[in-house]
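Mind looking over this structure? Questions follow.
Labels run A, B, C, D and E following the written order; every chain starts at residue 1.
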Amino acid sequence: MTPGLEHFLTVGALLFCLGLAISLSKRNAIGVLMGVELMLNAVNLTLIAFSRFTVSPNPIAGHTFVVFILTVAAAEAAVALALAVAVYRNRETVDVDRLNLLRS
Amino acid sequence: MELSILIFLPAIAAAVILLLPQRLEQQARWVALVTAAAMFVLSVQMFFQFDRDAGGYQFVERHRWVDIGAFNLQYLVGVDGLSLPLVVLTTCLTLASVLVSFSVTHRPRAYFACLLVLASSVVGVFVSLDLMLFFLFWELELFPMYLLISIWGSGRKEYSATKFVLYTIAGSAFMLIGILVLAFDAQTFDIERLAAAEFQDTLLPLGWVFFLLFIGFAVKLPIVPLHTWLPDAHSDAPTAVSVMLAGVLLKMGGYGIIRLCVTLMPEVAHDWDAWMAGIGAFSVLYGGFITLRQTDVKRLIAYSSVSHMGLVLLGIGALGSTGLTGATYQMLAHGLITGLMFVMIGLMYERTHTREIARLGGLARQMPLIATGMVFAGMASLGLPALAGFIAEVTVFLGAFQRFEWAVLASIVGVVLSAGYILWMLQRVMFGPVRHEWDELSDQRHWWEHTVVAGLAALVVLLGVYPALIMDVIEPAMTTLAARLQA
Amino acid sequence: MNGIDVLGPQISVLLAAGVVIIADSLFPAQRRILPFVALAGLIAAALWTTSWVSRGDYQTVFHGTIALDRYAVFFQYVFAGVTATVVLASIDWVNREGRRQGEYYALLLTVCAGLMFLAGARDLITIFIALELSSIPQYILAGWGKDTKSSEAGLKYLLLGAVASSLLLYGMALLYGVTGSTLLPDIAAAIETNGESYRGLLVVAMTLLIAGFGFKMAVVPFQMWVPDVYQGAPTPVAAFLSVGSKAAAFAVAVRVFFEALGADFLSDDWSMIFAVIAAVSMTLGNLMAIAQPDIKRMLGYSSIAQAGNFLVGLAAISVTGEEFTLGASGILLFVAAYAFTNLGAFVAVIAISQKINSDKIADYAGMWKVSPFLALGLAFCLVSLTGIPPTVGFWAKLYIFNAAVRADLVWLVVVGVLNSVVSAYYYLGVVRVMFLGQPGTEQRFRASPSIAVALTATAAGVLVFGIVPAPLMSAARDAVEIFAR
Amino acid sequence: MMDGFGPSLAFWVLAAITLVAAGGVMVSRNLLHAVLFLILTFVGVAGFFVLLSADFIAMAQVIIYVGAIAVLVLFAVLLTPRSSRDNSETRWAAPGILLAVCLAAIFLFVVHDTAWRTVDAAPANLSAASLGRALLSTWVVPFEIASVLLTAALVGAIMLTRSPEEEAEDALA
Amino acid sequence: MLFLAAEPSAAATPTIDQAVLWAIMACPLVAWGLIALYLRKVPVLAGYAAILGIGAAMALSYATLFNVIDADGGIAQYTHEWFTAGELAVPIGVRVDGLTAVMLVVVTTVAFLVQVYSTGYMHGDPGYGRYFAHMCLFTTSMLGLVLADNLFQMFVFWELVGLCSYLLIGFWFHKPSAAAAAKKAFIVTRIGDLGLLAALLLIWTRAGTFDVTQIQEWAASGEVKSTVVTLFALGLFAGAAGKSAQFPLHVWLPDAMEGPTPVSALIHAATMVAAGVYLVARFFPVFEASSDAADVVAWIGAITALLAATIALVQTDLKRVLAYSTVSQLGYMMLSLGALGYVAAMFHLFTHAFFKALLFLGSGSVNHATNTFDMRKMGGLRKHMPVTYWTFVIGSLSLAGIFPLAGFWSKDEILLDAWRHDRALWAIGAAVAFMTAFYMFRAIFLTFHGSYKGGEPVDHHDPDNHFHGDPAHPHESPWSMKAPLLVLAVPSIAAGWFAYDHMFKDFIEAALPHAAHHGSTFELGIAISSTVIALAGIGTAYALYIQRWADPASIRATFAPLAIVFERKYFLDDLYETVFVRNIFYRGWCRLLETVDRRVVDGAVNGTGRLGRAVSAQLRTIQVGEVQSYGIGVAAGVVVIFLAVILANPL
């Protein structure tokens, strides 16, 4: 069977949801971040697949989008880790379920 | 121009008072007094300038205000036979309130400023001919009331103030919806044009719109079962505020029902007339019965207001010229009488610091003038002829009897109830053996106290023996309205 | 028109950011000047915007990715003003914090630039990147404080923000996949031609966009980060969050949903969704705020409810004619009103909380005696939030409800006005505490000049536009006129 | 290019690698393992990019994700003590996973329910050059923004991670 | 405006100027104003001002009377517009005819004499000025009521006399019993006024007028549905029953004796309580038109007369005896009206006013000497106060209906009308006549005969007590008090002689639109029988209290159950106050409603607030502070929104 758009989209969707599941379930902030990165990857995959398969006046837009997503992902990761470090310095943990000073 | 002066003069005076330096703090009352007196004089002058034969609105001022496409508001004020007497009532009671507040020394600047802003907003409500302007003033009145009750009040003042504000906001929330729907359909906020508009296909059924507006006004009036804020607000408010609250604020409700509900939606008013009359009669009785059980003088009068304002609704429900005139007259009469009543209670409270009927007694001996005033006010309140309340009550009854015999028959029982609670209160508070714990107390003695009591009493008598003075102003407007309603 | 000219406001803001950082490191002794550099940048941006307005030179630039229209201009003013107020309100806090001052202002300015980009963005990529430019520095700023709570707030905000923006991105990707373009007008055109057959996908994309924007707007059910972050973040930052990013989210949402997803078969769906979300947000936000003892958290919940009010405008947009103008301009009016009001409230809270070292509403007791100016300002802004005249908040609510009535959303207006009543309960509760409570200390204090200026400016805005709302309304209306078809 | 056995095989293999690796991230109890799985996933995705004739993006993916982000994460993990490398789930895992499954169902449903109009041949101008042109013409503003964003993130990250001692020193200066 | 010329309504009218009629009202009003504003603190002047004002009114009243007599009882009416409210037009005006003129004279004469008396009786009271002010106001109101040409105006003054009655009963307001009695009087009469108000409403809606003449014609025309007339008549009668203390609303009048005695004489014997009778008489054609209503009036009157007379038999308080006697006599008048004896009723009203005022003033004089009204503490006063004694006897004889005193003539006419109308009514009337004679002479014997028992000692610590004699040594009252007694004795003897040649009858019947013959005025058989009955009553009293043929106490013991019923006033007060008002109404119904109001209506409001806080507290717990739960919210939002859209609008 020849892989078509649907196949790539399926992989993308599954990857996205796996990423979501990870980010929604992991206790460790870094784990959550990994989930987010997976989601972003899934988005990238989807975009590239669309770029490749769909009729578009300007197919390069998908690629461009991906470039920016990569950039943002990097920035986000950096900031996230910085914040995690900041939290760790104060609380000796990056377990998000123990980050509950702020509630109700 | 006169109306704008009436609206803005007190507001400006309030600003002036707030800007007074600390050392002139106690002079705030004089500024307030001069302002209130000027307002009163001006409104009385307007009252006599008013052309009784010409219909429609007079002293009209019209300016564009907000003109954004479909959102078109005007600064449009004017008075007719319905609103003019209420404006005079407002200025009169403002003057009275300022006078009875002459002994206020706690933060007088803020106090008198609030009082004047209150007057300004109430006048604004009565003279606005643009729905949005009306609503604006309607809401504006909340601030000063809230502060006045919560800062200068007594007892559970914060609770009462909050209750008052929340109740009013809730009512006006409904009102706002109604206003918006109406204005959307007629493409205008101008009350005169709205009255002329034929409403078809409104977003909501017109009956609902009526109901929404009605709720807003019923809270203010107040109508059972939306009345429970009133006793709390009254019992904890300072004297002047009780005077204003009972005297003019409640009238905003009745005014609104006539001016907006009935005038703008006559067909719906026709559909709901029996309900209005019925609820009115119910309020009369219910209020009367509950008043009998009150043990706090101010609460007692507050509940009696519920009962008396039921008559307003009864008169409106009759939808005839007599009923409407009677309802309007009842608003005026009740304003003056209850104002006087609260003044008397205030004078008494200032001396005894209690409103518990059980703790009082035999005061007529120690303070005969106050007792006289109280008996007078009580008699007026129970609808004694030759005093204002009687004319109003009987006019309402006569106006409504043709159409709602049972409602009227039920509500005339309220006449006996009112005699019951008023006389019971007088007996317990003023009469009976002297209690020596009150021996030290003085009778009313300041000139402002005399002035207020005498002035209000004189007005109550004037309205009672020469009703034509005011009826002639009210009547043409109401007859026109009634003719529209019959059509 | 060259690019510099077009992006002048953003560039001047970013330039100011750069100058602030450099100045901070070069002349650490002259730190007091930093906020004024930032203000200068913002003023320059505002002036630049004004110069466009005076030229009337509205156009679309950079191949359609950036629109230079009245709409963008309106928001650029709002963002410049908001940032300026926040800068003013931050001075005391930053001085007391005593560290990384230049970076703080620089990041604020960066966020501002991001928001300004967002106002004019007309392309999914630009929107995304501008959104991130405004978000990531905000994550940092939320975690800027010394205490653990701040870091926690920052991390929470970031993690959730990342999830939300992933969802948004996925939606954008799907949208791109369906339409083959990232430019909003092209997307709209593609949907018009053969969008019907992609409806399922479009609905998913739309839902994801709502989630993404809804997160920034802080509407139910995407709002849960709000109270935690508001409470944990430094108060000036919370102020900025509550107004800036919310306003930007609405700015971009109006543009996206109207310009790209305006097709009839979609607009019915999303206007209904927004209506429901609006109702739920108002109700939940208000209900949760009632029993809230922490004022920042309370303002957080209230901002959720307020977001519901904004959404009423969005729900009231039907895509043609006069009604659109009303709904959309209602949002804009609300944005402006909310900016004045909520910032004013926050400025007062910033000042008070710093003095009394507490965010507990109970500790605000008797504030009227301790600091009449701040108490009065805060009370006035809270009244405006309630929507009682003569405040700009009253007009905003009125206008937006009017729009909803015209869009036949009377039920939503009912929910809205009832919620106003609920909100009155807790807003006035604070007023009551301040005015009637007994102060813990008789020590009077004065607001610092910067706070005084910020509070006076916002409160004056609330009052002046409360009395003469027409200019603001016509500005809002002109701003959305470009969308009218 | 998509035709034929090779790409098909490549697709299935890549899909398997990617998803299994992603699942590995999910199930790993050790954060270190999770990072390694993550890298594997990134690589898999890069493979997809190649398959989709996005060579430049694939390269960027490897460089940025594997080279930058993953390493960053790895360092972060390694810098924290062993006790913090736990990668277990919170009490919200079950509903979270359930929701993810729902969402996946929705996505898959709409993806497969849609009649896609696709092109068989890869569009001509998906080269790195045209990407560069696009970045510098149409999307020049986002491009610039991205640079600002990175700078801001950098500054912010540095500031957030500075130790209190540094802070104090800085404040004194 | 009030004195603008108006067209007199009838052709053969009295020539009296309407200014005179208005002035009759105005004179006491001016006196009131003067006293209230300026003379409160100057007792002497206050008294003189009142006497002067009322005296002037009296003079004008007599002028009016003679003028009307000259016009053969013709009607003069001057109507103006008071106010209009939409369709409602309320007139204000005066009407004078025979009925009015008689009432004017009665009211002003008694009022004048009572004022004179009061200067002595009230001497030294701290509320002296207030007293005269109230009295003036009362006189004004009463005159206004009498002069009114329309029902509305009548109602106005009707209520005003009620007010004055309230103020005067409660004159010694520091006495709890006085304050309570005042309140009771007001409320009970107000209950009756409900009927009057309803009648007012009914007549306006059905006849469109308040005018007396027009209403009379309306009723007499016979074109009106009889139920409407009956309802109207019953409404009027309800009002009259309240004011005139008819069963079951009579309970206030005995309590009203808490007021100063001159007040009782003027208001609660001679004038105000007769207003009810006057009202029914004024609208007599209405009752003529409705026999049902007339029967109700007659029987209520009869019951009242009997009831009150039986209670009076056992009273020990002199004033209460008189009070019940008044109730009884008012019942008599009502009985007469119900029996369509218009003339007899008015005639009895006329004569009764004088002798009952005389009796009350006499009792006041006694009180002045003994500081008490308790007959058990009196006795033998005949020697000490001869003037009082003899005038009191004259009054009693007149009341008992002994030839040729005033009471004989009027009471005789009533019995005659009753005889002709319904024998049962006559029987009751006769029984009452017997009892009347008995209890009056019982009172005389107890008070004035026998030996003096010392009166009530003065409590000098009571600041309100202004008693300045010595109860141990009773003395005759001063001339200011004796003179009115003597003057009143004259009409008590002679007022009945106006029955001569149908003089009174013709005069007063002219006030009715259709001058029918409402009974003849004399029939020997009735006259003799009634005299015998009255003498029997006197004789019985003599036998029991002077000759002691039987011990009253043992008789009481024999009829103990009956005596208790009488002494407890048929338990009506207990029934009303304790059972009905206090327990059923106040503690039951009102309390129930109040509880509902507090718990349910207000409870709903407060409950909403509490609910809000509770919900808030509950809702906030979803903010557990854990970031994943927040993320789940986001994801769930996406799922829910998508599903909602799809479900609402399937693909």
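Rule of thumb we're sticking to: contacts are C-beta pairs under 8 Å (C-beta built on N, C-alpha and C of every residue); 3 or more make two chains touch, one makes a residue touch a chain.
If you're wondering where the values come from, they're calculated on a predicted model, not measured in any experiment.
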item	value
Those chains which touch subunit E and also touch subunit D	A, C
Chains touching both subunit A and subunit C	D, E
Most heavily contacting chain pair (counted by C-beta pairs in contact)	A-D
Chain closest to the middle [Cα centroid of all protein chains]	B
Interchain centroid distance [CA atoms averaged], subunit B/subunit C, Å	42
Chain centre separation (subunit B, subunit E; CA means) in Å	36
Whole-Å gap separating subunit C and subunit E, where each centre is the average of the chain's CA atoms	77
Whole-Å separation of chain centres (CA-atom averages), subunit A against subunit B	64
Two or more partner chains touched - positions in subunit A	9, 16, 19-20, 23-25, 32-33, 35, 49, 54-56, 58-59, 61, 64, 68, 72, 75-76, 79, 82-84, 86, 96-97, 99, 101-103
Multi-partner residues of subunit C (at least 2 other chains)	125, 128-129, 132, 136, 139-140, 143, 151, 154-156, 159, 163, 167, 200, 203-204, 227-228, 425
Where subunit D touches two or more other chains, by residue	90, 92-93, 95-96, 99-100, 103, 106-107, 111, 113, 138-139, 142, 146, 149, 152-153, 156-157, 160
Which chain pairs touch, all of them	A-C, A-D, A-E, B-C, B-E, C-D, C-E, D-E
Complex contacts: residues of subunit E adjacent to subunit A	620-621, 623-628, 631-632, 635
In the complex, subunit E residues that touch subunit B	81-88, 152, 155-160, 163, 166-167, 170, 173-174, 176, 178-180, 182-183, 186-187, 190-191, 193-194, 197-198, 200-202, 204-205, 586, 589-591, 593-594, 597, 601-602, 604-605
Subunit A residues within the subunit C interface of the complex	9, 16, 19-20, 23-24, 29, 32-33, 35-36, 39-40, 42-43, 46-47, 49-50, 54-59, 61-62, 64-65, 68-69, 72, 75-76, 79-80, 82-84, 86-87, 90-91, 96, 99, 101-103
Complex contacts: residues of subunit A adjacent to subunit E	20, 23-25, 32, 96-97, 99-104
Subunit A to subunit D touching residues, read off their complex	1-11, 13-22, 24-28, 30-31, 33-35, 37-38, 41, 44-45, 48-49, 51-56, 58-61, 63-64, 66-68, 70-79, 81-86, 88-89, 93-97
